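Please go over the structures that come below.
Two complexes, one shared chain (chain A), two partners (chain B, chain C).
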Partner chain A sequence: MRLAVHKFASCDGCQLSVLDCEDELLTIVEAVEIAYFPEASSRMDDGPWDCSLVEGSITTAHDAERIQEVRRKSKRLVTIGACATAGGIQALRNLGDVEAWRAVVYARPEYVATLATSTAIADHVPVDFELRGCPVDKHQLLEVLLAMLHDRRPAIPRESVCADCRRAGQVCVTVAKGVPCLGPATQAGCGALCPGYHRGCYGCFGPSDHPNAPALSRVWQAHGADRDTIVAALRTFNTAAPAFDAEAKRLEEDR
Partner chain B sequence: MARALPITHLQALLDRLGADGRTVVGPVARDGAVVLEPVRIVDELAQGWRDEQAPGRYRLVPGEPRVFGALLGPQSPKTWLYPAKLTLFRAERDGASFRTTSPDRPPRLALLGLRACDLAAIRLQDRVLLGSGVEDPAYASRRREVLLVAVQCHRSAETCFCASMDTGPEVSSGYDLRLTEVIDERGHRLVVEAGSEAGRAIAADLPLVDVPHDDDAASRQAAEARAGQSKSLRTEGLRERLLDALRGPHWDEVATRCLGCAGCTMVCPTCFCTAVADVTDATGAAERVRRWDSCFHTEFTHVHGGPTRAELAARYRQWLTHKLATWHDQFGTSGCVGCGRCTTWCPAGIDLVAEAERAATAERRTE
Partner chain C sequence: MSEEERTIHVGYLSRVEGEGALHLAWKGEELVDLRLRIFEPPRFFEGLLRGRMATEAADITARICGICPVAYQTSACVAVEDAFGVTLPPHLLAMRRALYCGEWIESHVLHMLMLHTPDFLGVPDAMGVARLNRDMVQAGLRVKKAGNALVAALGGREIHPINVKVGGFWRLPRRDELDRVREQLVAARPEALAMVRWMGTFDFPELDRDVPLVALRPADTYPFFEGDLGTTTGLTIDVHQWSDHFAEEHVERSTALHCRLHGQPYLTGPLARFALNRDRLPDDLRALADELGLEAGVVRPFRSILVRGVEVLYAIDEALRLLDGFPVHLEPSVPVTPRAGVGWGASEAPRGTLVHRYEIDGDGRIVSAVITPPTSQNQLAIEADLRELAPELRSLDEDAARHRAEMAIRNHDPCISCSTHFLTLERVIEPA
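The block that comes next holds the complex of A and B.
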């Protein structure tokens, strides 16, 4: 399998998760040829690739072009991380005045060519599989790679964090401590990491396949969170994910 | 005459239960709740705590110096007899074919501190996992070896409704040992009664003392627990009332509050649904892994084209009506033992008893 790893607007954290799979990748080095991975290697073989991992969101006109080319040259395209699957934290720009910010932040704003929005890869090209997380979980990443290698469907459930939290025997922080948690509306995959450290989930894997965000807002309110707190919790790494965005907007309009 | 273990000799019980390599699992205070975990020494047990429970709320507060002062936590015998995650077998390449290996031997367990409703839940799991034609080997191997040490409840939590389900609060059968914790002017002790040959053999090895005045300790405490139990499920005709209400308006309403998080089914001591997945590692070796699943997950009913219960209302209805109605058709009994875990541990505080009553009485949708 000829593998490529591409970067768009992102922090590189997910690519580091790929590097973190090094030991495991070495055992399959005969089966996987890393043909293009600028972050890790000077080898930058052109496509076609059997599988492309794509990190990052689309924030420039140039990247909007480039992703088309990556898609054309990739048999399978897998997006990794909150940026690629939902636009990332930089999608906060979608709510603001990008022109004004650019003028304030950069000494020579005219050098910065940027779009007004940060959008997920799937908004631009067909995606074969989306792997969530900020950053992605190493074990899930390996599972996806192995699934691609063995031509099977990745075993990545889209249920909520609560399921993993309960299966791990963790004590629910909302019930036992009154701590608000985004777990019930967030997709599993991290192994319910945060509740395991006695804090609420902050939603870095984005919405599950069946979130009831309005009901969860009411649970947060019952535990003392005000609207601004809930909106801030929804507007982080997956702010542009439809279920989180819609609930934040609903709360803001209700104000 | 009643025989009791002075609390100062509690270690002798742990040691005897753990003899011949058994893992003793008992109530331990962790992260704000009492959970069931391996215990070796008395100090690890959740002594001096009491649980306060309400829909969506659980708090551990300091209480009498009881070892078994906290009633029920989020875990149950299911946690140990029917584990949340289990490797069913491993498979490795062998030339053109493959070879499978069985999972490791399951642990031999002694479960300490079970309540009447826990024993009832085990009876239900026996019916489902052993008695419905196909035996579940993973459950059977754990169940055959386990020692069940029950404790008579001395009070009820606000969420308990075992009396109305006829599953408690008296610990009346299905135990190897029954303990009744007594604290009075004569001291602090556990009245020990055996309910099986294995239990008698253990009791015979313990430094028990005669306590003539404790003959009715268990029934006295059970009566107190019963008197203090305010919640009850109206079970009469419930199956029919719920099945009549399948098209009622209530399900849509509860779906506005339910998070679909599956917490209730995970903590329920009788829910048995699992998902099986094959996973491969980098070398191509494969494992078949089984995990608790839930009818609250949309993927649970995924067939080609999508889930058959796409609406949360339909999923909530499945949970409530399976548990309280169609279990009767499937297994000849209710699927609920009245432990209240689903209600306490629901982050949204959705109360099973209240919802069942509302669903069963809501006006039918006019179409």
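The block that comes next holds the complex of A and C.
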């Protein structure tokens, strides 16, 4: 299998997860031909590729064209991480005034070319599989690579963090301590990490299947969270994921 | 076009985190233009932080860089604690420092073994290195894994740790978690030493630089987030006075800002930390530096890989020292009460000093944020290195020139995502 790894607007953390597979890395490169992975290799094979892993969101006109070319040259296209799957933290610009932000950050804003929005890869091209997480979990990433290698569907559960949290034998932070937690509406995959550290889940894997976010907002409100707090919690690394965005908008309109 | 004019476009820079292009132009023998352009799609962190709670800055700014999230989290926490007037007790400072050791280990070994060693051996990547010396690559990967295990043990996970907060941590590690990571660090120590000694046998291109160096220089230890900034020009700068000494400018070729010290290019990172804090290293690591030919008072960028090696060993030893007898029964954090004010935080990211400044209102919301990453500080010094190498870059054949230029840029491990990916080398040679 000829593999490519592409970067769009992102922090590089998800592709770094490939290099963080220290125990498996030398085995992976025996099974997979890494044809294009600029962050790790100066060998840059122009494609076509059997599978492309795509990190990052689309934020420039140039990148909107480049993703079309990546799609044309890739038999399978898998997005890795919250930026590629939901637009990332930088999708907060979709709500704000990008012109004002450009002026805040850059003394000469005319030098910086950018779109007004940060959008998911699936908003631009068909995507074969979306792997969640900010960052992705490396074991899930290995499962996706194995699935692509064997031409099967990746076995990635869409259940909520609560399922993992119970399996880990952890005490519910909301029930026991009244700590607001996005776990009931967030997809599993991290191993219910945050509750294990006595903090509420902050939603970095995005919405689970059928999240019922309005019900979760009511739980948060019952524990004293105001609307602004809930909206801020929904508006982070997966702010543009439809279920989180819809609930944040509902709360904002209610205000 | 006369036969003496040449325009050369050479691929783009791989094995760095980011996208860039290098443009070189000569008129006859004279270099008339040299520009390192950086164009990472802008993500507007300083804009999107406005109105967020200051306590969210650590988790949000971690997403600027997946390679050095602990640096972002640390500078953010230090800055917000500065604004709120929060002081951490020794055990929490020790844990913050030990977490940072883990990031130095994993980020440095990633760069040394997987991104920079291929340049010295003339192979495209770490897989090429493994074909030449599989045992060494496997040993190096175990060292990197130990660094990641340390970050995961204290931070919850390797990339974008979840356990860091303003005022300390969400929970302290359990004794069994510390014992496991301690075993890995002890096993990694001799493997790291063998790796850096092996790298000491590489053939290093000669380049001696005379550039001001800037790094934190604490009173009694090697820096992670402690002390005032020191410079090789003799200044001691309290980070609160940053703006009196440093200025950022925005130039057309880049989405990264360029930072100067009193109008001059300067360098941060391992070369600067080591030069300014060599006397803070334990005797055995100073002796190792001597053995590796890292002479005091000389800045040799192509040997930065060895300085990183010394820092990896320091980070392993320091983490073991800090975690030995760590009081796991104490409180994981101190209480934090928001107040209006301005806070500064500086820390030593693997690739250089990272400065955060936040203005915060009485409710604890961010009014404005300024983040100065290492790469925007180092870009002018990287260009200055390339200027020194210009005669070589003009005379070498195209592949060799590109290789040498990329290697010189990688000396400084630029993390272009921090600000801004890939390098296109353009050479223009016109008649005099």
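One rule holds in what follows: the second predicted complex is superposed on the first by the 253 of 255 C-alpha atoms of A that agree within 3 Å, B and C clash if a C-alpha of one lies under 4 Å from a C-alpha of the other, contacts with A are read in each partner's own complex, and residues count from 1 in each chain.
Please note the rule applied: a contact is a pair of C-beta atoms (placed from the backbone, for glycine too) under 8 Å apart; a residue touches a chain by one contact, two chains touch by 3 or more.
Remember, it's a predicted structure, so these values are computed and weren't measured experimentally.
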Chain C versus chain B on the shared chain A, clash or fit after superposition: fit
Touched partner set for A:E24, first chain B, second chain C, both or neither: first
Partner chain(s) touched by A:H198 [first = chain B, second = chain C, both, neither]: both
Touched partner set for A:T114, first chain B, second chain C, both or neither: second
Per-residue touch tally on chain A - higher for chain B or for chain C: C
First (chain B), second (chain C), both or neither touched by A:A61: neither
Partner chain in contact with A:A176 - chain B first, chain C second, else both or neither: first
Contacts of A:H210 with chain B and chain C, given as first, second, both or neither: first
Smallest separation of CA atoms, chain C relative to chain B, angstrom: 11
Overlapping contact positions on chain A, where the chain C interface meets the chain B interface: 25, 198
Chain A contact footprint on chain B (complex, rising order): 30-33, 35, 56-60, 73-75, 79, 84-85, 255-263, 266-267, 275, 277-284, 291-292, 294, 296-299, 312, 344-349
Complex contacts: residues of chain A adjacent to chain C: 7-17, 19-20, 22-23, 25-26, 29, 34, 37-44, 56, 59-60, 63, 88-90, 92-93, 96, 98, 100-102, 104-108, 111-112, 114, 118, 134-135, 190, 193-194, 196-199, 202, 204, 232, 236-237
Of chain C, residues touching chain A in the complex: 11-12, 14-17, 19, 40-48, 50, 52-53, 56, 59-60, 63-67, 69, 106, 110, 114-115, 118, 124-127, 130, 134, 137-138, 141-142, 144-145, 148, 156-160, 162-163, 165, 170-171, 248-252, 254-255, 257, 368, 406, 415, 417, 421-422
Residue ranges of chain A in contact with chain B within the complex: 24-25, 27-28, 142-143, 146-147, 150, 152, 155, 157-160, 162-163, 166-172, 174-178, 181, 183-185, 198, 209-212, 214-216, 218-219, 222
